[in-house]
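Take a look at the structures listed below.
Here come two complexes built around subunit A, the first alongside subunit B, the second alongside subunit C.
Here is the complex of A and B:
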């Protein structure tokens, strides 16, 4: 595609000039018209969509024509700039600049005006609430991720080529369609606790099961330390389907002749699983693991909805949110954000490297 | 390609034609308004003022109704947007450079954050302050004066206040059971044991409130601060001079715990306090038969009572008695302060209006709001309960504002809520909790 564009015959200067003028006219004219349409909201919306999409396409077309009209030597660079430039610019503006700005703010006080040096980082690594958040994030990473991947792998292997594969896979995959916040609301009812005393009726599903077996109703979300696992379970419920689907597709890519050969050589199910299946799909398992790992590092919604970070379930992302938006402390919030970024980068790097070695990116 | 361009031109020209037509119509409307020279609001008619705050459900409807007549008179459209996560969302909007024209803060401490950063417009420079000052008693004006980067400013207007030291009960059942309204702390204690002796639970208490879980507990601590120690100590505590880890504050928290953690005292027991929503908690009082009998909360809580409840008939309240008669009859109050973020003529006009009793008249009449304005009338209080709340505030020997709302955000909307919740559920001891709150106080 790119070489096609570069090797095309040079476009004429006059044509390009006319094109540029038309583009300008449409861009500016459309903008002026849009201003005049304030009173008719529907027309304004329709026009904005047509004009916006149209001008973007036109802009690309014009820029490409300009690039084509350049001498052949500069053409390849110009074409690259035309097509990748805007994306790089937007990425710089929406990702790199905010990151740098956050880094800058992390050395300032709450209002972002007084330099305080490393004080915010000292807070981020020593404050009891931050230590608790680090511990909890570690729990999410270790138990959340491993449970998702192991369960996903087991289900994918055991369910492979079984009779009702489609049905139960769909069922397990279904929670993926629910947002984290939605899942939080659903599970709040599962873990609901009304207390003990006169005239109390439990409405929570889990407590209904426990009491049906003669147990005593428990305030599940209030039990320190263990409540983290009740929250992690929600992520497992949501994410196992994802791990299962990806791993399952990798398993289906294993050549059947390989399995048959192993069987002829006398390998049983376990040997096949550990000696053939797992090594064959290892890259997939690693990709799935790192993806869910990143997920559990920046986890926020479930904790926010279910406990608000109370009862010892706080996580880094929630504490960052509280610092910035509830307490109005820009400095501390920025420091936490940078710490979170630094922790995630190695995982992200490993993930990308894995992608690259599989020639997905090159 | 030329075809595509041609189609573009066609679309644009037709759009231009349509919009030009519609513009003419709008112009006509405008000129019609201008022609009416008797209309003093011609300049602002049709303008929009955006406003956001924490009122949702019933409260939002009552607010919308109370400003309706002003909107009709001036033609200004006040677009109100309520959010349960207001505390967090307002910061995103203000710091993102997209603040509402007016924001309603239930916590002056939160507003102070934005004043410090210089986002809030000084009302001294934008409103007719003589009118404003004539309409409030001095202590409200003092509480609205905050320090910005360029010195003290008038940061907002008090629009609606709450009396907090109120204990609600199911009047019919209460009378039928033969209980008597306690007027002293001792009588309250006797009532508690009487209810327990009758095989029932005295208190309905819930502090769950999403990300704001725990605020209802801090109210109780403030009540007990007012009832166990001096006003000077209360003020010192609020400003951070008196630590949470001091005998006075510990004693106040302990006084709450003495009631909350006692066996059979709270419906659902200690653990259910943190899992019960503050709005759901009082509902059990109105079941047949009542499952609990007493609920301490500000007068806004009547909005959360079951539908069709008649004030003074189905429910009533009494003043939470003083523990130590020498401390008088203190009343805890809270309120909403409206701050201005964009300076336009129509926003000024709306703010000026909020400084008058007329702006809350509809709300006062609908119930659930007390007006702090001098020009509001006692006859507006259609239900006797609200009038009694206004009276309680008037009869108070001292009035103090909700302490957690005055403390810096990191404490008042953060560690105070969080640590008290952890203390209630037993995740932390009192010792650990008070030390953690002190450690979080911004230096």
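Here is the complex of A and C:
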């Protein structure tokens, strides 16, 4: 049945018209129906999945039929448009145009009605809250990224020599499957603080350990400046697995003859590590570092859930959220988003350069 | 030769020790939340979650009621030890690990016996936290001081269903669109092919924050705010650059011959795509699907902005709980586990594909 439809030799105009009408009916009817199903959750979920996926497939099928019904001369371009068009269109709508629109908004006031020139950028670079956010983002980028990469490298190298590599690796990798919000709860519980006094039993793991060794319990997330590091550790916990997996596969690609030759020449573990392993996997280390660097720059959820950006832990992306969605200042929020983009531009440049040098596109 | 062998073993031990240390640090926080999610709300406040694990501790075993003729003001002799009331009140170790302590005032005449014992086996575990967090109605529980607290349930069951309704289409749709596009970029000739593809690669690093305000304005104008469709569209847009890039890398390596012979047989590009390219690309499609699914399921920012409180997904529901009920650990921990269970299943079940997907694309926008 399906192949019959797909292989239909010549698509008549009438058939295409009917198909277009049916497609529209399903798209609009399904949307209306979905909104009305709010009270029957299970049914709604099933319907949303089937209708959402089905509509996307149907759209392609219909568009292809339209393209096939066109005169032969236009057909090959029409088919290419059907295939590549939706992706290009969505990317323009979701990323390209928004970049320009956000740039435009950044020169206007809170509601977007009055031109204010560079005022929002003055705010973005001089406001004390923004300066604090810049400082903290710098901490995230420097300490977060380097800890992830160094730990990932360490575990990858050690794991390579261990018999139970797979178990170790998947346990360290596991947090990658956990949301930042979930991780926030996990670590809020580790950092939990009940206060000082007799008969207070600390239920947070960190304070329990500190008090067991005779220390004093601390409200870890409220200690200015240092609380940033307690938050950064959550990112390290989440992202080290990623660095480890990628670096580990690069280490496995090092020809064993190279290591053996070094060993024959009398090199010890450290020499091999610094003179062979690290230089060999340097491109991978750079890629991983770049990814985590971008990631830590845009980081939002951990700070949002753990401290809301209070107690000196604010970051740029959180301030963006606050400006736009709490204070309703589109101008300032847009300027912050543009600053984020500008910081990333060197990475973008590097990415494109590397992409061209690999000559992926024939 | 003889000397080499023990040296290797020694380094093996050091390696194992370092790895075990890191793995412990990596898993214990999750374990703590997991255990806590099964503990009684009152127990959570009075002891750490680790007290559930079997360990030796000093615990009260029995209470002895002293005969009325004992004079609390004079010296008191118990089990061969003599001391005055205040000393007994402090507690005295009468034998190895056995401590006697006077309970209450002088008139109570009750002595508690404390002994070092293995505890933790009979921990008071319960599923009621999960019931409370899934429920939509009101929930009552007892807090640390023994007060009865009544709260609105968190309706996590609905949040899980919403997450499913968001995640599955938001995984399949971008893959479908990306696969079509990747095929076109790899095997079709059309004007603007190269610059468009370079644009896609460039978009890999654009932070999604930059797109949020304009897209929110569009959704408001189109009346899509708070609908699943808005989430599908947004996640499709944000996931597409990586999806197209990865699938392009894969599809462009398929041998040209199969397409050519298909065309000779009279197949259209659409037929070739559905019947040949899709089945051949399953490994790449699957690994990206897992990646995108986890990303969408775990997303908080996009859901927070486009869905709001209507059709709340698990991450939003959990984050709202952290904000409103920061000390209700029995609800928070069970909620956290509810939000993690599906991604963890996907992760452990399909780990190998996931790793492949990660390694193929190392930048996500």
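One rule holds in what follows: the second predicted complex is superposed on the first by the 259 of 362 C-alpha atoms of A that agree within 3 Å, B and C clash if a C-alpha of one lies under 4 Å from a C-alpha of the other, contacts with A are read in each partner's own complex, and residues count from 1 in each chain.
In this text, a contact is a pair of C-beta atoms (placed from the backbone, for glycine too) under 8 Å apart; a residue touches a chain by one contact, two chains touch by 3 or more.
Bear in mind the structure is a predicted one, so any value in this text is a computation, not a measurement.
Peer 1: Could you look at A:324 and tell me whether it touches subunit B, subunit C, both or neither (first, second, both, neither)?
Peer 2: both
Peer 1: Who does A:98 touch here: subunit B (first), subunit C (second), both, or neither?
Peer 2: After superposition on chain A, A:98 lies in contact with subunit C alone.
Peer 1: Between subunit B (first) and subunit C (second), which, if any, makes contact with A:22: first, second, both or neither?
Peer 2: In the superposed model, A:22 contacts subunit B only, not subunit C.
Peer 1: Using the superposition on chain A described above, determine whether A:111 touches subunit B (first), subunit C (second), both, or neither.
Peer 2: After superposition on chain A, A:111 lies in contact with subunit B alone.
Peer 1: Can A:219 be said to touch subunit B (first), subunit C (second), both, or neither?
Peer 2: After superposition on chain A, A:219 lies in contact with subunit B alone.
Peer 1: Quick check for you: in the superposed arrangement, does A:342 touch first (subunit B), second (subunit C), both or neither?
Peer 2: After superposing on A, A:342 lies clear of both subunit B and subunit C.
Peer 1: Subunit B or subunit C: which reaches more residues on subunit A?
Peer 2: For subunit A, the partner with the higher number of touched residues is C.
Peer 1: In the superposed arrangement, does A:39 touch subunit B (first), subunit C (second), both or neither?
Peer 2: first
Peer 1: Contact-wise, after the overlay, does A:310 reach subunit B, subunit C, both or neither (first, second, both, neither)?
Peer 2: So A:310 only meets subunit B here.
Peer 1: Enumerate the residues of subunit A that count as touching subunit B in its complex and touching subunit C in the other.
Peer 2: Residues common to the subunit A contacts of subunit C and of subunit B are 44, 61, 192, 304, 321, 324-325, listed in rising order.
Peer 1: What does subunit A use to touch subunit B in their complex?
Peer 2: It is residues 22, 26, 29-30, 33, 36-37, 39-40, 43-44, 46-47, 50-51, 54, 58, 61, 110-112, 127-129, 192-200, 219, 221-222, 224, 304, 308-312, 321-329 of subunit A that touch subunit B.
Peer 1: Along subunit B, where are the residues that touch subunit A in the complex?
Peer 2: Residues 1, 5, 8-9, 11-12, 15-16, 18-20, 22-23, 25-26, 87-89, 91-92, 110, 113-114, 116-117, 199-201, 210-214, 264, 267-269, 271-272, 274-276, 291, 408-410, 413-414, 418, 421-422, 425, 427, 436, 439-440, 442.
Peer 1: Applying the document's contact rule, which stretches of subunit A touch subunit C when the two form their complex?
Peer 2: Its residues touching subunit C are 3, 6-7, 31, 34-35, 41-42, 44-45, 48-49, 52-53, 56-57, 60-61, 64, 68, 76-77, 79-84, 86-88, 90-91, 93-99, 101-102, 105, 151, 154-155, 158-159, 161-162, 168, 170-182, 184-190, 192, 201-205, 208, 237, 240, 242, 245-246, 249, 269, 287-288, 290-291, 294-295, 297-298, 300-301, 304-305, 317, 320-321, 324-325, 330, 333-334, 336-338, 340-341, 344, 347-348, 351-352, 355, 360-362.
Peer 1: Spell out the part of subunit C that touches subunit A in their complex, as residue ranges.
Peer 2: 11-12, 15-16, 18-19, 22-23, 26-30, 32-33, 36, 44-50, 157-158, 161-162, 164-165, 168-169, 172-173, 176-178, 180-181, 183-185, 188-191, 193-194, 196-215, 218, 227-229, 232-234, 236-238, 240-241, 244, 248-249, 252, 266-271, 273-275, 294, 297-301, 305, 314-315, 318-319, 322, 326, 329, 332-333, 335-336, 339-340, 343-344, 346-348, 351, 355, 358-359, 362-365
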